[in-house]
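Going in written order, the chains are labelled A, B, C, D, E, F and G, and every chain counts its residues from 1.
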Amino acid sequence: MDYMSIIVIILAVLLILAAFFVIRSKDLVAAVVASAVVSLISSIYFYILQAPDVALTEAAIGVALTTIFFMITIRKTRRDEE
Amino acid sequence: MYQILEYAGMVVTTIGVIFLFLGGLGVLRMPDVYTRMQAGTKATTLGAVGAIVGVGMMHPEWFFKTSIIALFILLSNPISSHALARGSYKIGIKVWQKKKIDAYEDALKKVKKEEEAV
Amino acid sequence: MRKILAVFFIGVFGYYMLAILMDFPFGIDHLNPGLAGAYLKDTVSKTGAVNVVTSIIVNYRGFDTLGEVTVLFLAATGMSALLYDGKTMNRSRQNASVIVKAGSRLLFPLIIILGAYVFIHGHLTPGGGFQGGAIIASGFLLMFISYRNYHVSHRILSNVESTAGSVFVVLGLLGLLYGATFLENIMPLGIPNKLFSGGLIPLIYIAVGFKVGAELTALLDTMLKTVK
Amino acid sequence: MIYAFFGVAIAGLILAAIRFAIGPTVPDRLVALDTMTTITTAFLVLLGFFFERYIYIDVALIYGVLGFVGVLTMARYFEGGL
Amino acid sequence: MSRILFSFIVFFLFWVALTSSLDPQELGVGALVSLIIAFLAGKEITEDGMKNFSFRRIQYTIRYLFVFFWEMIKANLDVAMRIIQPVIPINPGIVEVPTKLKSNVAKLALANSITLTPGTLTVDIIDDKLYIHWIDVKSENPEENFKEISSVFEKYIKEIFE
Amino acid sequence: MMFDPVLMIALPLLAAFLIPVINRFSKAIPKYIPVVVIGFNLYESIMLLPYSMVKPVIVIIAGWQPPLGINLTIGPLGNILALMISLVGFVVAIYNIKFVTEEPTEKYYMLFLLIITGATGVVLTGDLFNMFVFLEITSISAYALTAFIRDRNGAEAAFKYLLIGGIASTMILLGIAIIYTYTGTLNLADIAQKMQYVDPKIALAAMVLLIVGFGVEAELFPLNGWAPDAYSQAPTPVGAVFGGIVVKAGVYGLARMIYTIFNFEGVFYFLMIMGLITLLMAEMSAMRQSQIKRMLAFSSIGQMGLVFIAFGLATQRGVEGALFQMLNHALLKPLLFLSAGYLVYYSGSKNIEDLDGMGRRKPFLAFFFAFGAFAIMGLPPLNGFWSKMIIISETIRNGFVIVAAFVLAGSVIEAVYYLRVVGRLYFKKHDDNQQEKYVHGSAIFAMSILVILAIVIGLYPDLVMQYLKPAAEELVNKSLYIQSVFAIN
Amino acid sequence: MVYYIASLSLILIGLYGVLVKKNLIKIVLSLSLINAGIHILLIAIGYIDGRTAPIFSTPELRPEQMVDPVPQALVLTAIVIGLAITALALTIVIRLYDHHKTLDVSKIRELKW
């Protein structure tokens, strides 16, 4: 058990919790913010797995663009899950 | 010379990382959004800048790129936390306070009145 | 009822997937000497690009990338077709504060340069056309959300998009014209790790960068503008 | 030494993540996300140092810039400016 | 013209720092890219153009940076002291601070400096009044606040940007 | 004269990219671009036929030999399907010229062009991941086209389709991940060669994931929930494209997976059972529909069920029957959809009841519809008869008498509901005199092409069968395919 | 190994969301979760212990020191395709909301699901 795998396990726990939060949260904005966290942690994963190209793409698309699409959609529809 | 720079870089990185941790702690412990923002912004900005510049000092040929990251963080972090503070004030999150001191509320009311008058 | 059924289904699916994944090799070189070995060995000498991922995307599997560009193009087309209303609307009601405005005005050109850097250096560093285009689009987004009346001409965007897309295909067809195959590298390879290397790869990535940037910007603008 | 850096930075990330989980309002979560983005940027630089690859720094650079755009967009959403 | 030249130089320096290389190919492409972007967007980032490179401004900038970093470190120590205590000693509120700065970029610099220094966070700017969330409110009088919070920076920023 | 086959994909893409610019200069030109470009594809795929029948044409892309780079592998099967796709695309493109008026029209033509390009790419490519990319092009343009008429049902159908399709695409990706892990390659022939060394348990999992993925486009039960809504809510020509093109691409993918890549005996029985269920469910549902386009959609699913049954036989003649049935379906379903589109347009209602007496008022249209209905039911001299006969006789010859009985029962049900509609067209009186609308010549021309082809194939089935034989052989005997890909090294 | 479990959990959570949730935006979010899980899985497949990214930025790097580049290339394509699907799905959601004034799937059913 080296240090790196401890970090990976911690990140995995955070990732799964964030994913749970996406599903559970009643507030759609909070869910979208949580999905940004999922994307953030998966980006760190790609980085650790020696895939900087993918990490960069995930950073460019996951953190900014996808989140923003969701935010615009929520802005144009409604925020609460009925 | 390189040796000195490397040790200095290590010290700077250590300080930075510690402040990153303190930033996280502050975000967790503070009582309301605005104070959390204070802790989060200040501590993590210095922390990140410290850690990044420290790495740049340990690897002198990385220095320029790392300082660009540091510059971006220095410029962008306060802006985003300002926008967040303004946004959360606008959706009606109250300031946690012992004594009531809120000059902004009155100013906003005034602005609103002027807009209605127009 | 539906929940129980779903949980049951997911349980079964998860069990089987887990059983399969447990046999998966992790962290060991299980394909030696597969496709990957060949790519790693030959890329620098045969394509001139240092970034193997880029050379796979643009050169070995360039056809995929053409398809990928098309997918994004499709999404943009589909969205603008679906949101088409025949009339345009104002973007937002609330003005941003002076700080945000000044900050985005300052950061905007720097972000654009950053995007250009990413797609020009696609064959040397991580990143490439898509990432660069996405960064440029984010730069425009910064302006859209800070300034109510910031206007980008859709005419120009769509022209850029069409031109860049056609350039990609035409670069591919050049190969046929010179008696080689579609998308084949017909330019000198250059010295690895210099900017001018990799033959067609940087050119294609520049075209892709422009195209993706224009597409995503147009997409964001349509989404922000139309419907209430 | 570098492992200690990782440990402390990850600890900061976890603390921010806890704040993210307990909320209570969405701006709270956004503050946590903002903090996490900044910590992640620094963490990626440290990881790049650990892997001894200069090119990895690009990812951190893009991450810092685009994380800012994402958070700013959400902040503008609350103002009603999206 | 002067504004475009100024922004061209800034962009080019940025590019060189980004590539960290003096290879002629990189420099040539960088010059091309910065030139294009300077023509398209260069007018927007500055109002004074080449005047920004005058000796006085550069000198003030350097002095300002030192002051700023010192204040920032103080701020962080201050935050750190507050965070690690069992009961956090705070008395927050939002106060008003006047400013004499006119240009937007100067206001941005001031607001950012204030946000990064001890116990303060800029919430909004309405005309020439800054609204600041202060973690430990000492007075409610705008003039006193001005002295306490922003007077240090304002004189440097005024020299640098105006 | 034969051009490089890669132009069949490159040129439509170029044209689609250029349409927005051309639209600036003239609003009238974009509607003719699909006709020209797909016409080129048609010409090209006909020219290719003599070559690909002898041995598969391998087109190298970017100058890399098969396992390294992507290559197009145009065997008899791929070529015939490409021919079918471009034929249907050509006809529908002609039909489009006057029919599409919904703004923004140039976007419609772009999407239309790309859906056909995607389907062509799926059937021509020899690379698994490339197939996935082209399948996504096809399905994403299909989602957009389903919602193209911006009414409430269109959006709902599109969302349903997108949801199922989105999950399917993730399943394909998962399957590709498993396959790549164990074979280390993405070339179809290479995978097929290496698949025999892979643990059967894992191969089975990969196959199930891929079948689920391609089954959505191929309308395999129970993944076909999207089809009736999408067919009926999309603009009419798009319904024809779904039936004639998108489904073909899905079936090709499915057949390629089952026959070439994996070798499991059991999957053929599974396919046959699923096909039977698909057939019966669809025909029963089609009986109950009151909207004509929905009815046609269910009928289309039923036809696909028949195709799956024939594929499930896994014999040379059975596969021939399946391919013949696909060809007939590709000719007749667009005919039915296109004529039904105009019928709906004239009667102003989607319901079958409102089509009364159309046979008198619109003899041409009613004739086209009736012809399509008779042919698809399998009335003897027409083309549908031959394919059904091959399938049924082959089913009986292999001992699946019960299956054959069910197929016959399904045919009877099919005949009942088609005759119901045809009867209404001709024998019901309807006497409100609506204003006369003109039937566009281009539409008549488009439908006539299909009718003539159907008659010719019905009279001389051997004309087609000589091409279908090598195609079926390619599927049944996979070593042929593998060898031809590696022969060029 | 941790990566496999994490990615599988993401896929399963996403599937659960798609199957059970009634909110349209939640469904689209769940789809993107599934995608994220598959991307992590693919990259983890290509990883080889102790090796570095497949970029020959300095001359002393050897091919034997590098991870498998193919999954990375595939994931890049897959991410862009996922973005396209998400964007289109959200557009359709906006359209649906315009017509029905609700995001609840169970209230939208005019067609039989």
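Here is the rule we use: contacts are C-beta pairs under 8 Å (C-beta built on N, C-alpha and C of every residue); 3 or more make two chains touch, one makes a residue touch a chain.
None of the values given here were measured: they were computed from a predicted structure.
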Please find the path from subunit B to subunit F through touching chains that uses the fewest steps, and give that number. 2
Out of curiosity, which chains are bumping into both subunit A and subunit F? C, G
In terms of CA centroids, furthest away from subunit F sits chain E
What is the distance, in whole Å, between the centres of subunit A and subunit B, each centre taken as the mean of its C-alpha atoms? 22
Subunit A and subunit G have mean C-alpha positions lying a whole-number Å distance apart equal to 11
Determine the centre-to-centre distance between subunit C and subunit D, using the mean Cα coordinates as centres, and give it in whole Å. 23
Flagged in subunit C as touching 2+ other chains are 17, 24, 31, 35-36, 39, 51, 53, 61, 64, 67-68, 71, 74-75, 78-79, 82, 94, 96-97, 99-100, 103, 106-107, 110, 114, 118, 124-127, 130-131, 135, 138, 141, 223-224, 227
Two or more other chains touching the same residue: where does that happen in subunit G? 3, 5, 11, 15-16, 44-47, 52-53, 55, 57, 70, 72, 76-77, 80-81, 83-85, 87-88, 90, 92-95
What parts of subunit B, by residue number, touch at least two of the other chains? 22, 25, 37, 41, 45, 61-62, 65, 68, 72, 75-76, 79, 81-83, 86, 90
Which of the chains are touching one another, listed as pairs? A-C, A-D, A-G, B-C, B-D, B-E, C-D, C-E, C-F, C-G, D-G, F-G
Note: in the complex, subunit F contacts subunit C through residues 4, 6-7, 10, 13-14, 16-21, 24, 59-64, 67-70, 103-104, 107-108, 110-111, 114, 117, 121, 125, 127, 129-130, 133-134, 136-137, 140-141, 143-144, 147-148, 150, 155, 178, 181, 184-186, 199, 201-202, 205
Under the definition above, what is the set of subunit D residues touching subunit B in their complex? 1, 4-5, 8-9, 11-16, 18-19, 25, 27-28, 30-32, 34-35, 38-39, 41-42, 45-46, 48-49, 54, 57-58, 60-61, 64-65, 68, 71-72, 74-80
Looking at the complex, which residues from subunit B come into contact with subunit D? 10, 13-14, 16-18, 20-25, 27-28, 33, 36-37, 40-41, 44-45, 47-48, 51-52, 55, 58-59, 61-62, 65-66, 68-69, 72-73, 76-77, 79-81, 83-84, 86-88, 90-91, 93
For the complex, give me every residue of subunit B touching subunit E. 19, 22, 25-26, 29-32, 34-35, 37-39, 41-43, 45-46, 61-62, 64-65, 67-68, 74-75, 78-79, 81-82, 85-86, 89, 95-105, 107, 111
Subunit G residues within the subunit D interface of the complex: 52-53, 55, 57
